[in-house]
Amino acid sequence: MSAEAAVLASLALPLLGAFLIALAGRISANIREAATMLTATGLALIVWSLVPLVMAGERPQVSVAEVLPGIELAFAVEPLGMLFAALASMLWIVNSLYSIGYMRGNDEANQTRFYVLFAVSLGTTIGVAFAANLFTLFLFYEALTLSTYPLVAHKGDQRSVASARVYLVVLLSTSIVLFLPAIIWTYMAAGSGEFTLGGVLAGKLEGAGVGLLLLLFVFGIGKAAVMPVHLWLPAAMVAPTPVSALLHAVAVVKAGVFAITKVVIYIFGVQHLLDAFVADLLVAAAAFTIIAASIVALRQENLKRLLAYSTVAQLSYVVMAIALLTPLAGIGAAAHIVAHAFGKITLFFAAGAIYTAARKTELHELRGIGRRMPVTMSAFTIGALSMIGIPPTGGFISKWYILAGAYQADNMLALLTIIASTLLNAAYLLPIIYMAWFAHDETFEARAHGEAPWPAVLALTLTAALTLGFFVFHSAVLALARQLLPGF
Amino acid sequence: MYYAVIVATLVTMALALLRAVRGPTVYDRVLAVNMFGTKTVLLLAALAFVFGRPDFLDLVLVYALINFIGVFAVLEFFRNRATRAGERQPAQHE
Amino acid sequence: MSTITLLFSIFLLTLLMITTMAIVRTRNLFVAVMLMGIASLLIAASFFLLDAADVALTEAAVGAGISTVLFLGALALTSERERSPSSLPLLSLGIVAIVALIVIYATFDQPPLGSPSAPVQAHLTPWYIESTRELIDIPNVVTAVLASFRGYDTLGEVIVVFTAGVGVLFLLGTGASASAAGAPLSEDNAGLRHYLIPRILGRLLIPFILLLGFYVQFHGEYSPGGGFQAGAIVAASIILYSLLEGEQRALLVIPQGVLLAMMVGGVLLYGAVGVAGLVLGGNFLDYSVLDSDPVKGQQWGILLIEIGIGITVAGVLISIFHAFASRGAA
Amino acid sequence: MDILGLYHYWVFAVLLMTGFYAIVAKPNLIKKLIGLSLFQSAVFLCYITFGKLAGGTAPIVGKGAELFSSPLPQVLILTAIVVSISTTALGLALVLRIKEAYGSIEEDEIQEQDAP
Amino acid sequence: MLTLLLILVLAWLFWSGLFTPLLLLMGALSCALTVYMVRRMGYFDTQLFTPRYILRLVGYWGWLFLEVVRASIQVASVVLSPRLPVSPQVIEINAEELELIDQVVLGNSITLTPGTLALDVHDGKLLVHTLTCEGAYALREGEMKRRVASLRGA
Amino acid sequence: MLAPHLPMLQVVVPLLMAPFVVLLRPRGLAWAAATMASLMAFAIAIVLALSVVGDATLTYRVGGWMAPYGIELRVDAFGALLLLVITGASSMALLGGQRSLERALPPTREPYYFSAWLLALTGFVGIAVSADAFNIFVFMEVSSLASYVLIAGGPDRRALSAVFKYLIMGTVGATFYLVGIGLVYMMTGTLNLADMAGRIEAVADTRPMIVAAGFITVGLALKAAIFPLHIWLPNAYAYAPHVTTAFLAACATKVALYVLLRFDFLILQQHLSGHAFQFAGYLMPLAVLGILVGSGVAMFERDLKRLLAFSSVAQIGYMLLGASLVSVSGLHAAILHMFNHALAKGGLFLAVAAFAAVTSGWRLEQIGGIARTMPWTFAAFVVCGLSLIGVPGTAGFLSKWYLVTAALEHGALGIALVCVILLSSLMAVAYVWRMVESACFAPDFDAETDADSTPNRDFAAFSHLLPTILWIVALANLYFGLANALPLELAKSAARTLLGGLP
Amino acid sequence: MNIAIDIASWVLLTLGGVNLLIGGIGVLRMPDFYTRMHAASLTDSMGAILVILGIMLQAGLSLATVKLGAILAFLLLTSPTAANALAVSALLAGMKPRTGDAVQRTNHEADA
């Protein structure tokens, strides 16, 4: 299979899979889940098959159609997108495994719809990853919002519908009101929205316009959850946990930061931003988000909401890292996308497993749960440590690079923020771990519960392992990230 | 020579119109319409000759024949209404 | 137009204005319909004064006969009096006054009445009159323009009539279906049969009205008239018959199926003539190719399409009348 | 003569607006239709008026006729009259159906019934 | 029926005044169609007029015309006199012995004459409205009825 | 041999089929004939569209008479695009709507309905191909009368009062137009549009011309339901049979707008000084208001069809907004939006028809749970809804994109307009999403507890053709969102033609 | 000869015109509906006869005369019929004629 065909296949496969899943859903649940696993595996294989090529410096490109004059629906694989796609496709397998356990364990309704939409969402995520220009990116970005909406509203009760509405309204309105004008502006100013190393705006747009446009992008890409457009993320936590885990810890939010990264590197161009002295705005916004979100997280009672705020904060790490505009920070950003994905998905898996096995969602209910669900809580602990950035977890690697980048950029704000937030992270995560392992359960449980269903446990074990593994085996990621360096 | 008769017709039309506007009963108005119809026939006949185009008399012919259908429709209308009102029909004077 | 005829026409128009005001003012709908009859007569007379004999004939056939009958038919089934007072007359009056002023404002730059240098007279008219003489060779230029030069418009007009027929039949159902098939002719609810004078006179006049209708149909090329007027007159005679003898008897004379066939047949005849032009190598509605002599061809074409118009119009108007009348019976 | 020549157009304006007034201000549906047909008649008058040629006669070629008024406006108005009567017939049919469905032909009463 | 056809043909020819073959053909067609339609309408079930009747009718019209002139002058004088001396009357005339068609002729003659107006014709009785008493007396003399009756007589 | 006659055949085919249809008695036959005629017209429209790509113009002399004397037909890019919309909408609605119509119509009236359908189609295409001002009026009336019939066809009695209002306003609009062209004719002596444009120069500054421009604009605005003259539209669309609505919503108002644009740009603006400015000055605020008010009302409307109808008012505002920019790009956007909106709205209304086959009504609460019972139909509905919002990847996005870029050419004003467009897009999100939410998450509507509806869960009556057609439309929405060469080319060429004479 | 005809037709036309006017005035002046009908019939019968005869004289022996004759015949047939129909309608609606005294039964048999 040629690289171009692989790119197209990676886009088409999830959609085809969605169709097959829908058909299979009519026959039996087992076949349906088999189809899901098959699709996920197939996708991962195709995407990963591209990795060596990209590592070798190839940049496969496909143009599908010219939608508007000068505006194409086109795909191109570059390192960052490769990284993102590889990550998402790999985690989908794990997540599918977990889903099977979770969905069955909770007897959720409309499971077929769930798997179908999940596949579609993954397809659009790959589209975001491989988009060759702003238009294509926007197209898949919106498609991702829309295809995940029903997943958020999956339960269909009052609360989830209301939350899903918030989700949709925030994401769509930011994208229409801010992101779209920004894109149009870009096209009008630069005459092109192609992702080009070094940016397309250099020399085309100067002065205050650059800052304004940058802000439009940053807040328009609501998926990156820079405050105050982060509201959708906690709201999205009403979704079934696999959704929160893969989509709202990996695919969707990463699509956001990924988009910002691409805009900064390929549209503005690092040098151009440096010249325009506007990146500091971004750093400030990100810093504010990090601190504020962490403080809010500190006050959360609900485990998943706490994790959501933690995600908000962690995303801004990436944004801030990008905004530092130094090579090391860039690598750090890329690494953080991966590390945070592993860590956060583990945490969510654990939270979901607790819910499935024990129907517990609030923090205070978690006393002593570590003894009933040791595997789950071990994984949770690993994830939490990764969040804080304590070795030997993946989080340490990425934070290290970001810190180094901040140092390189000589940006005190960033340095202080990272340090402060690390402390805050510890402050809200460690008590949970303490409570889970060491506190005594004071209430009498009528039904002693054990671990969640095995697929779920298997999945979270895997991701916990990945989190640990990333600490050791991160060279591939770094190698990919280094390919970005010419941009700096 | 035709002007005299045309003027007379026009004035008569005006008078009939006055009656039609004034009423007081609906029948007065129908009467006026009917009169108006005949006057139009005469007017057009005279005008056709004023214009020196007597072949336009076809038009007058049409008027002469079509005009009274309206009055029949009125009759049918009242008959219909009388029937509906449950009155004996056709009307007979006491 | 000599000054004196101009004065006549001004007089007529003044009467017309008074009539329309009265129409709008009166709260009795029956009175309004009667006054409409007068207005129609006045308009027709004005048309005649303004050299529009064909139009006057149409207005005569429509306004005096059909229109009144239809309105009365509707009134019979609804109510005669307007119930509620006008809403917001001041606002409406304001709007109306403004638009009227705008229109009057426009009049001051208009070419004065009858000016030979007006574009209307100078641009197309001479060509039409010349070409009618040369290419079609019939006296009535209006018919020539109507049926040939702008035959496509007239096709559209026939379609409008047909649409109205279809619409009324759709909305009200056909007369036949409403007056329950197979029901015996009820003698006591059968029109004006008990009124001796109208009945006998009607019987006497109907043949002449019919003949007049056919006459107008076939002389459309020579004098005012044509398919539409003829159709209306023929329809009027049938309507007269059903007023006199009852609607059900009229349906026996021309059954619903025949009426439908007429509606359809007329349009199809028109269309077929058009298509024939196309098939014989001309354009659509090009009659010149119908005969070896193009002038003859034009005349044939005009004759045929006028027949088509007449058939459709008669069919539609009679159907509409029956549809209205049968609602009353039901 | 000039002012007299414009009189026709003024009548056109007045008729047009009288009809329009009936359409706008009268709640009775049949009255609206009557207004509508007056409204259209006004336009017919306008067309026929500007088709008139001073000293002309109806455009039917015959002996003794030299100048002809324009046939085109007459053709147009023939068509328009047909359109007008068709619209009126359809409107009346609708009124009948409305009367059957609502028991009234007054706009305000119908609106009241339509309001949930 | 033949009478009618004849009248129609004559009417066509006089109305038309054009004698091209095509138009004559159309005329023939029209007359035939009219007769056919009228036949369908059932108007030949009863014989209305005989040619002799029509001839006599013309003579009757002559008398009627004079009658109309006379009555017109009377009514005109009533209308124009300042006092408006009307004295309306409703009278009933029995015409049971007349044929229906003759009743109609009588009724219409009455109406045509200004000053008298046939209100209703029913079961052989004509209800007549007159403008003045004199008109009522004139009618009561029955001159008109006699003349109408004699139209059909031997 | 037929090729030169295609502009004529486009009208003649449905025209001559309409009378035939009246005669077809057995159930379904009338439908089949109407559908066949409509599909033929669609095919002709496609051929025409392909043959005018690249600024070509086809003309046809009806009756063989040359232009200012006889009537001329003229198909240019704009017309061809409109023809595609009209015939396409008609064909799709007929194909998909058979069962739905069978339920709505008494069997004896079916032939009349389908005949009226073809007549409406005839009227619309007649307007689109005509190059003669009066001929346009005639066909406008054909289409209007037929539309009244189509709308009055529904079982809902409110359709009657709605149609009556439409009839009055439509006729007033047509008569205004007639007055307008009468005045123009009086001043120029011609009715042929091209000839008119040529002769208008001499009388450009006379008062009748100015008044004529006003009358024509107002009359057509009434027909096109431009805010605030839209009041006939919501009820007429809401209470008509669903399939009727799908057809009319896709093309009826657009045809009037088409005439308006042609008149304003080809004839009036090129020659009346300051007309362009006036046109924009009057219509732009109306367009903006229409967009905002239409969307605003739609956001709070509970009746699905009324909601969509109000959205139509807003969408007409978009088209008008594009036109009122008086620039090639603005017109281009407006014309493209005509095409794209027809795709979206037609699909939405067809989907409503599909829903109504199994629900007891189409108030938002009544379609509760429809996403579960009819997932495929619902998915198509969502796709069309997204196109209506203007989500990228759908046809609707492109027109909005062009509209925004066109507006941005106008500096500060343009930015304000962009804000309006974006705001109304958000409103569109809101109302589309209310529908989606109701369909997905509202509890299954329990017809038994609802007094004024009849239980109607009757799957047998649900035709399989309808979902297929719906998906064709939905896929068209997606297809033309990505590969839109044809409409784009046509719209561009149309915009160039319209603005051809302007500096 | 021509002059004689002209004078005759002039007289007829003028008389007809006068007749029409008188009828018009009568329609206005008469006190109630039925009496007004008499005035109307004045114009319908006498007026029409005179006017059309006058025009016929002018037209001479031509098709137009025949047509005018037909018109006159039709008018004389239709106008009393219409008047009768109208009177019947009025009676039907219960409108009583205003009479000087009670209805007089003039017929001998009826009196008996």
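Residue numbering begins at 1 within each chain, and the chains themselves are lettered A, B, C, D, E, F and G in the order written.
FYI, contacts are C-beta pairs under 8 Å (C-beta built on N, C-alpha and C of every residue); 3 or more make two chains touch, one makes a residue touch a chain.
Everything numeric in this text was worked out from a predicted model, so none of it was measured.
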For chain D and chain F, chains touching each: C
Identifier of the chain whose CA centre is least distant from the whole-structure CA centre: F
B-D against C-E, pair bridged by the larger set of C-beta contacts: C-E
Whole-Å gap separating chain C and chain G, where each centre is the average of the chain's CA atoms: 29
Whole-Å gap separating chain E and chain G, where each centre is the average of the chain's CA atoms: 13
Distance from chain G to chain D - Cα centre to Cα centre, in angstrom: 32
Shared interface positions of chain E, touching two or more other chains: 11, 15, 90, 92, 107-108, 118-122, 127
Multi-partner residues of chain F (each touching 2 or more other chains): 134, 138, 141, 145, 148-149, 152, 179, 185-186
Multi-partner residues of chain C (at least 2 other chains): 53, 73, 75, 103, 107-108, 110-111, 118, 120-121, 124-125, 128, 150, 153, 156-157, 160, 163-164, 167, 171, 192, 194-195, 197-198, 201-202, 204-205, 208, 212, 215, 219, 222-224
Touch list for chain A against partner chain F, complex: 64-68, 73, 110, 113, 135, 138-139, 142-143, 146, 150, 153, 156, 161, 165, 168-169, 172-173, 176-177, 180-181, 184, 187-188
Residues of chain D that touch chain C when the two form their complex: 1-2, 4-22, 24-28, 30-31, 34-35, 37-38, 41, 44-45, 48-62, 67-79, 81-83, 85-90, 92-97, 99, 104-106, 108-109
Contact footprint of chain D on chain C as seen in their complex: 1, 3, 6-7, 9-10, 13-14, 16-17, 20-21, 23-24, 29, 32-33, 36, 39-40, 43, 46-47, 50-55, 58-59, 62, 66-67, 70-71, 73-75, 77-79, 82-84, 86-89, 92-93, 95-97, 99-100, 103-104, 107-108, 110-116, 118, 120-121, 124-125, 128-129, 132-133, 139-142, 144-146, 150, 153-154, 156-157, 160-161, 163-164, 167-168, 171-172, 222-224, 226, 228, 313, 320, 323-324, 327
Chain B - residues contacting chain G, complex: 1-2, 4-5, 7-9, 11-16, 18-19, 25, 27-28, 30-32, 34-35, 38-39, 41-42, 45-46, 49, 54-55, 57-58, 60-61, 64-65, 67-68, 71-72, 74-75, 77-79, 81-82, 89-91, 93
Contact set on chain G toward chain B in their complex: 6, 9-10, 13-14, 16-18, 20-21, 23-25, 27-28, 33, 36-37, 40, 43-44, 47-48, 51-52, 54-55, 58-59, 62-64, 67-68, 70-71, 74-75, 78-79, 81-83, 85-86, 88-93, 95, 103
